[in-house]
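Some structures to go through are shown next.
Two complexes follow with chain A in common, the first pairing it with chain B and the second with chain C.
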Partner chain A sequence: MRTTHCWICIAATVFICCVLSLSAAAQVDEPHSDTLIVDSTTIIVEPPPAPISNLQVVDLPNDHGHAFHLTWNISADDLGGRNNVLQYRILRTPGWAGPLTEPQGDGPQWRNEQGTWWHLVEGVWDTIASIPAGTAEYFNRGGKAREGNDYSPDDVGFSFKILSVGTGGAVSESAIFGPVESSGQWYHTGKTWVVLAVLIFGGLMLTMVRLARGGRELYIRPLAGINAVDEAIGRATEMGRPILYVLGLGAPDEIATIASFTILSRVAKKVAEYQTELIVPCYDSIVMTIAQETVKQAYIDAGRVDDYNEDMVYFVTQNQFAYVAAVNGVMLRRQTATNFYLGVFYAESLILAETGSLAGSIQISGTDRVTQLPFFVVACDYTLIGEELYAASAYLGREPILLGTLKAQDYAKALLLVAMVIGVIAGILNLGWLTDYFALNI
Partner chain B sequence: MKRQFPLIIIFSCGLFMVVQYFVPHEKSEFFYEFIALDWPPIIGVFALMLGVISLTRVSITRIRRKTEAWRYSIVTLIGLFVMSAFGVIGHHYPPLSTAFDWSFNNIMIPISATMFSLLAFFIASAAYRAFRARSVLASILLVAAIIVMMRFFPLGPLTSVVGKTSDWILNVPNLAAKRAILIGVGLGIVSTAMKVVLGIERSYLGKD
Partner chain C sequence: MDFATAIATTVAAVLTLCIFSFLYKDNPFYKFTEHLVVGVSAGYWVSILYVNVAIPNIWQKLLAGKWWYLIPAFLGVLMWTRIVKRWAWISRYPLAFYLGIATGVAIPLEMQTKVLEQIFGTVQSFVALHNSQTDFWAGINTVVVVIGIITSLVYFFFSKEHKGATGGIAKVGIWTLMIGFGASFGYTVMARISLLIERVQFLIDDWLLKLFS
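Our next item is the complex of A and B:
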């Protein structure tokens, strides 16, 4: 009897286990909400990631228009949760559709230079960018040329939405934000400190000029390179050899070249007075034209217009090393007594200066290119370092107004020094609010 | 008026460029592109013609007067006109275009490379002159230069020390001096621009 009971218990246990197993098996085979059975093949479909939230779109400030700034909170499944966000796809509507062979509808449209028509399409979502997961910001900068494929018109309302694309391809949509219009601004608010700096500097300059005009004696520290100009021209006159003036490789719109023109004017006037020969080989044809006028005017001012010869200032070439070869040739053949290198220089600076040094010329150089300054310092007798090049004209002229501007420059440097010291102290004391307050947003 | 008219043009253009810097609007950009980007190439094309005329005239004068090394002027004129002919005619007649390329690749480039390579020798001679320890400052310069040059040498256990010292020289005293010069240059640029725009500096226009 006891044996029968045992067998019944065993049979019941086995039966219950079988039922439970079958039940479990049935549960496994039953399609899950995230799976799909197609022709006996099971494809696991991942659930879409959570959508992004708090999408904000604003017209990009301080620009020429045609641009938006998008920000959002990343999906809960990005860098957390299921961590299955592959990318974000940014969509925008309306879009410009085309090219078309003829105008379509009554809405805004235009014809580009190729004769094809484009028209505004409401409600069509264009994918404007796909950006990687983890990003919470995007700048939608469109083109401003109507003919361009990336044209993004101003004063047209655009709506935006962002799709969170999962690693399995499933997507979730954000709420739509918009419409927002882009437009250009008439003042760059990030440059306010620059405006103030320019106004302070301009005010200093005008004050110093007024003081100088009023007869105030302004002390300007002497520059050896400037003091040597007269001596160098005198030496060339005594030796009966020409003076070489090189304006450098700069374009006429570079300040160093402009400063060089003003020095050339002073040098040419003295050369005309001393009746010495001046040679000005030019790298740029526009520079040549301006230099010709400058030298001619200097000769007129010196009352030596008959001595002026247009061939003093001539064009050589716009190839850097061909120009160097030509100028070196002039130095060695003509045995120039004095060489001026004032303006913008690159790799040719040392080749020119060393050749002049070998030829035994007195050399006065000046450039604002920091990388070329050591070469000039080593190979030339006198070098105008950086800002001294810009100041040279005022030194040579000794006109009170120009000296006033130099004094203003010195005061501006003192102000900058004070600002730097305050900045360093603020940095050391971790006064971020102070440094941030003066930060530029260019 | 002859003197005032250029000053008015300079003041107007200068003022516009200053204002334009603070106005990001498309219309401001349009004028900037029109004046600052479109005009210079147009002026440049005509000025290039003036440049070629100037070079030709100077070369012909030298040849006619048989000045020193006048034969070089013949080479200059041949180079100028033959290469121009190859370039212009070669556009329609391909064999000449090939001749242009050949001449450029086999004459112009090697000559330019030769000039550039001279720089290595000039650097050596300039360095010799600069690094002569004639004073305390020149000696400091010499020591600093040796340390900076030595960072490229394998010096065994000293490599790291020399490398760090060299980096410190480049990033601290050297960079400080560079920035000081750049700040001065920046102020000088603003000052010169203001002087020219406001007509304070007008020496390039001649006497008042």
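Our next item is the complex of A and C:
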């Protein structure tokens, strides 16, 4: 009996030892175990979330290069499972992923980090972004300037991996994807509609210009504001007072400013013929230069080059309200009979138009700035609304190029109108195969 | 308020009042302030352009060995040939260069943002109507927008006189535009009034009350 008890005790001891040994072995094999026992106190250690899967990295298409597009399937523990994903950390390394290596001399890939030149070291993983859980896409857009901190070279292979960071700080790694090279593209496939539209419009324009040059009569309906131009210049001549022409605050490359130059040419020619005084205060120095050329050419065309005075077109200042103060002063002191406000205008539109109205001038305005048009409509005698300003330059100039362009615009508008009606009908009928064409993939 | 601040605030307040005096009529105070602000702003902009444009875009680029920045710098210098009448024609070359590039950049950009994206957006708003979350009034709004666009576009047809059916549609178009202008006018006037209130607050709170308290 005693012997039996003794054997039972030995067997029990061996069993307990085996269990404890296996348990200890299990602790060693599973570093991310759920529990850890320290001095009889149980600390809950949260396990890492499941890694993301199916990481795919491609060169971002339709760009100037230096960018990648990453997609993946989110972790099984993100919005499901243990639901313990805090964020995803995206890591990148140049070349094949491998062990940490020492820099190997001067490489072709460089980056600037805090003002110091470094070359990218293969195998060193940079954290390029930390993004919130639930995200399955990331655009890694680097800079293209070699001296920039965010420089990302083209034609260099990069490998990527993503760490799923758990709420307790534990992480799990995805498989490595790469290497992938970024490069720029010459053609943006998402802008094919833009190319087609420009080509169609260009074709229409060339056709119409050719027709106009060939002597074809192109009808343009009369515009009230434009018919008033001659009348306004005549009024100023009769009153013996000057004409004020304001080109606005736009740069010379803005379409409204370009249209205004054409109208200025016509006004200056009439002014030269009638021998009236013209005042053109300018906000932009380049605009002033072009305006001087325009007015001078108009005086030459009118055969009155001797009457041209360079001071009639002058620069004021490039400060908006200082410019307005100066122009207001001109209106009141010189008692201008006619004021033209044609071009790009901002907050100064009402101040100018109101002062001109107080001074009793006849006022003709025009702009393509929708927010400023109400003020001109309220305070001026005639207003050219938006595209009427462009049309006015063609109407006045009567040049084949301008007339042809205006006609082409009309046809282009008709085409767009038809396209829009088709699109709207397709939208109402929910014809997805058709409405899908009405989108730019940018 | 210390003495220096009091002087600066008083100068600002007096200049504000000088500008406001224009509401009565043109007068020497307004003229003085007008010339002062024009002169100061012109000088200020010269320094701003020198520091923010010439230094970083020419000087610093050349120091960094980017010699090709000499080309735009040279084109800029050509603009100064206008000073000499005999050579003034040379300045047309940089102007032509500038306008050519600017127009080339502007055309596709305008076509994309102001034409195609607007039309496609209009069509897509009808596609969105099929979404169950879109309510009845959003549908009405979309229809009104389309009618406004079509009639306004007809108003801007220059090849056909506004008579008959075209005239009727164009009239709806101009009404649409005027309704839009009215809303914009009211909105902006409110913004301007807030600017006036800010100036009056400056005169009363920052100047009068602080100066005499």
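As a convention for this text, the second predicted complex is superposed on the first by the 381 of 442 C-alpha atoms of A that agree within 3 Å, B and C clash if a C-alpha of one lies under 4 Å from a C-alpha of the other, contacts with A are read in each partner's own complex, and residues count from 1 in each chain.
Here is the rule we use: contacts are C-beta pairs under 8 Å (C-beta built on N, C-alpha and C of every residue); 3 or more make two chains touch, one makes a residue touch a chain.
None of these values were measured; they are calculated from a predicted model.
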Once the structures are superposed on A, label A:325 by its partner contacts, choosing first (chain B), second (chain C), both or neither. both
Taking the superposition as given, does A:221 touch the first partner, chain B, the second, chain C, both, or neither? second
For A:249, is the partner it touches chain B (first), chain C (second), both, or none of the two (neither)? neither
Partner chain(s) touched by A:439 [first = chain B, second = chain C, both, neither]: second
Does chain B (first) or chain C (second) touch A:378, or do both, or does neither? both
Contacts of A:426 with chain B and chain C, given as first, second, both or neither: second
Touch test for A:295: chain B only (first), chain C only (second), both, or neither? neither
So, does A:333 touch the first partner chain B, the second partner chain C, both, or neither? both
Should A:193 be classified as contacting the first partner (chain B), the second (chain C), both, or neither? second
If I apply the document's touch criterion, which positions on chain A are contacted by chain B in one structure and by chain C in the other? 191, 194-195, 198, 201, 251, 253, 255, 258, 286, 289-290, 316-317, 319, 321-322, 325, 329, 333, 350, 370, 373-375, 377-378, 385-387, 391, 406, 409, 413, 416
Residue set of chain B touching chain A in the complex reads 18, 21-29, 36, 40, 43-44, 47-52, 54-55, 57-58, 61, 68-69, 72, 108, 111-112, 115-116, 118-119, 122-123, 125-127, 129-130, 178, 181-185, 187-196, 200-201, 203-207
Which residues of chain A touch chain C in the complex? 147, 191, 193-195, 197-198, 201, 218-221, 223, 251-255, 258, 286, 289-290, 292-293, 316-319, 321-323, 325-326, 328-329, 332-333, 350, 370-371, 373-375, 377-378, 385-388, 391, 395, 406-407, 409-410, 413-414, 416-417, 419-421, 423-424, 426-428, 430, 432, 435, 438-440, 442
Footprint of chain A on chain C - complex, ascending: 19, 22, 25-26, 30-31, 33-34, 37-38, 40-42, 44-45, 64, 79, 82, 91-92, 95, 98-99, 102-103, 105-108, 110-112, 115-117, 119-120, 122-127, 129-130, 146, 149-150, 153-154, 156-162, 177-178, 180-182, 184-185, 188, 192
Within the complex, chain B is touched by chain A residues 62-66, 144, 154, 184-188, 191, 194-195, 198, 201-202, 205, 209, 251, 253, 255, 258-259, 261-262, 264-266, 282, 284-286, 288-290, 294, 297-298, 300-301, 310-311, 314-317, 319-322, 324-325, 329, 333-334, 347, 350-351, 354, 368, 370, 373-375, 377-379, 385-387, 389-391, 393-394, 397, 401-402, 405-406, 408-409, 412-413, 416
